[in-house]
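Labels A, B and C are assigned to the chains in the order they are written; within every chain, residues are numbered from 1.
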Amino acid sequence: MTPSSAPLLRTEGVVRRYRSGASEVTALAGVDLEIAAGEIAVVAGPSGSGKSTLLHLLGALDAADAGRVLFEGADLGALAERQRTLLRRRRLGFVFQAFHLVPVLSALENVEYPLLLDGVGRAERRRRAAEMLDAVGLAARLGHRPDRLSGGERQRVAIARALVHRPAAVLADEPTGNLDSRTAGAVLDLLADLNRSLGTTFLIATHDAALIARTPRRIVLADGRIVADSGRAA
Amino acid sequence: MPSATSDPDRRRRLRTAIAIAGLATAPLAAADSPSAAEALLVATDLFARAPQELRLRLEVGAEGSERTTALEIYRRGAERALVRMLDARDRGKFVLRRGDETWFLAPGARPVRLAPSYRLHGGAALDELLGLSLARDYRIAAYEETSGVGTFDLEAAASVAPHPRVRWAVDVARRLPLRAELRSRDGRALRVLELRGWLDPRALVPGEVAVADLVRRGPKLVARFLEVDAAPLPDALFELDGGAARAALPDVPGAPVN
Amino acid sequence: MRFAWLALRNLARNRRRTATTLAVVAAGTLALVLTAGFVAYSFDGLAEAMIHGGLGHLEVAPAAAVEARGAAALDRPLEHALAGWEGLRERLEALPHVAAVGANLQVMGMAQGPQGASVSFVGVGAEPDRARRMGFEKKLRAGELLPETAPREGEEAALVALGLAGALGVAPGDIVTLLATDAGGSLNALDVRVAGLVTTGVQELDSRYLELHLAAAQRLVGAGLASNLLVGLDETEATGEALAAVRAAVAGEQPPLAVVPWTERALFYEQVRNLYRGIFWFLGTIVFLLVVLATSNTLAMTVMERMRELGTLRAIGTGRGQLAAMILAEALWLGLLGSLAGCLLGVAAIAGINRAGVKMPPPPGAVDPIDLRLAYVPEAFAGALLLMLAVLAVAALAPVARAVRLSIVDALGHV
């Protein structure tokens, strides 16, 4: 799918600093970035380069110390907490390295959860969650709790959860970090499929070489700055 | 002041003062001699000069009230007395005094022993009507005389004496009692008996006794003696099991039947 | 509640901890329910004992007598006694809920035993047939009860309380002579045969009390008189209703009559009631604090342990209010389930204790040992349940505040 011209995500000179004991660490030191709707991109870079921080800012989980973060043209820093919550609930999806599924809920219930938050009726919720699990290849695992699923299956559930409410963008932080390479490959295939079939924008923070290699747009961070961006170069 | 007059010096000074004032003269001589005072007390004890056995009829009631209780008293000396209740609703009831004991006798009940302080209907104590036995139960703590009135301060000598102290005022010349103040151990006057007239002054049978209760206040209680006659009395009248003798007592003509 | 089911699921995470918390809540509930049951049974027992011990449900007495001594006084002065009360009694006995109306004549004076011992007594002349219909209970310890028919003259009998009988040195069959002042102020005496020995249940009263047939008491202190009329009802709950009816029925009587409910006469009952209430509230407060302490710690731990998960839930769009509701719902489930369990245990415990028939020593001043029995008090069950919900809500405050304030990024990084 061809990225449209208007950027879905955009950062302008974003700076984020953390206090770490007595010293101050600059996680992001002025990042300018645009991600178009429908794009699939990886953010690469060594540990501590600011990948996660960038994702947190783009996902309205954290606020920048300087610069602006825009989602669909809206300045996230200017939104109220409640609006940010609604944005995360309706327009964004998250996938984490450690899956972070709710252990007491079945696969189906975990996927239903974002719909539950938004007040979608039970039958509709069930249907859409089942569909989504079917799409990630887990139609046979609906009733299983996370502890009965393999790592790959759990990540598929997490991906289904991130996509069930049809967000504009999914932010994935090391989604294959806890998976063996074969499983990781399958997960990547899935993400690519979903990007194509649903048009969802994916931004994936990773240092998985295989993943980086097969993704068209590669943004490389080092010491809080973008040192390479295949998209921008293109 | 009983205690003051028992002090010889004080008594002498008091007497001197009275003599100088030119007040009572002769009666003081009587006070000078204890035996004279004792003789006066004996001579003025109620019923002291009455026959040993006699019958009295009296009415007891609050002063100023129409309602009275009719009683008959059979008396044998100071030791025996039978009070017969004459009112219709009290028919058949008696109070019997045998020495220190007082009994209540009613139809349908065994004799019940009463406390010595028991008061008849109307509030009069038996000893207030039948004499206080002053000469027998009390000793003279002090005596003085003013204007022909002799005043005894008496203290209980016998354990049966119903009052710890009595102040007894008598007309010395006529040898008749005037009034009695029944007092507590600390000298507080509790009841006052006033002797208002005599049915038989020679026999010391009172005509009217008024009793004022200084503690409870209220109207005075008046006992009016209506009849007295000397008559020999059967022994059975004063026995606990003398019900038959008591039942045989004649009806009293003129007694109210309310 | 959208999060109720999720909250319920969350309780299953750490089953042992949840079970412990539920046990604490259940124990608190049980303590409240049992205490309330004990207190209620004691109240009821005390009330019934007083009513059927001779107080009756209502007393109709001359207003002047009630005024002279106060409503709570048990004795009504003879000078105010009722005469010609039979018609009134008939009207009162026709009222709804009225089981019977018994006339009483109170007497006091001296009693003299066969050996001459004399002791002051307080007594009451009553109507045994009415007393029976009012459900009055006599605690007979020897001999027999008074016959229901009025005694013939010379055949009067008495029930003498144990202490008085001891002081007089009498046993059933002996004659006691009673001396009293009648309504006119005259002294009167009456021989009565001791029919039986009784206890009033109160030591103090036992040393002075005796009971006669009304007719005998009237022979002693005044024909036709009654100190009061006691109204016995078919059920204690009807007291309020009957009070109004009897008041209406005696309105306009001359001399004026007062109607006094048993609660006003039993001053002692109100005192005991207040004491028990105080104890109950004190205990309730302690239970409240203990359960708050025990559960708030548990709830804090469940939040602490789930920081990363809570952060995730926030990240994927759970609002602060939703998160708070979820944690609160977990707490309320604990309160609900725990207190329901406590209620069930309470029902079982009450049944068990009541079946066991445990005896307790007599309370101060009383004569008989009392049964340890507990009542089922629906209000206490409901109240304990609500209290436990409140307790858990209070206990959840700090954890909820903590969850609401958490930084998502920090929580996601929380290990």
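In this section, contacts are C-beta pairs under 8 Å (C-beta built on N, C-alpha and C of every residue); 3 or more make two chains touch, one makes a residue touch a chain.
Just so you know, these numbers come straight off a predicted model, no measurement behind them.
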item: Of A-C and B-C, whichever chain pair has more C-beta contact pairs; value: A-C
item: Per-chain Cα centre nearest the global Cα centre, belonging to chain; value: C
item: Chain A-chain B separation of Cα centroids, rounded to whole Å; value: 122
item: CA centroid of chain A to CA centroid of chain C, Å; value: 68
item: Centroid spacing, where centroids are CA-atom means, of chain B and chain C in whole angstrom; value: 58
item: Per-residue multi-chain contacts in chain C, two or more chains; value: none
item: In the complex with chain A, residue positions of chain C that touch it; value: 2, 6, 9-10, 12-13, 308-309, 312-320, 322, 408-409, 412
item: Residues on chain C engaged by chain B in the complex (per definition of touch); value: 110, 112, 116, 118, 153-154, 175, 177-179, 184-191, 219
item: In the complex with chain C, residue positions of chain B that touch it; value: 85, 87, 89-90, 93, 104, 106, 108-110, 112-114, 121-122
item: Contact set on chain A toward chain C in their complex; value: 56, 59, 61-62, 81-82, 85-86, 88-90, 92-94, 96, 98, 100, 102-105, 113-114, 116-119, 161-162
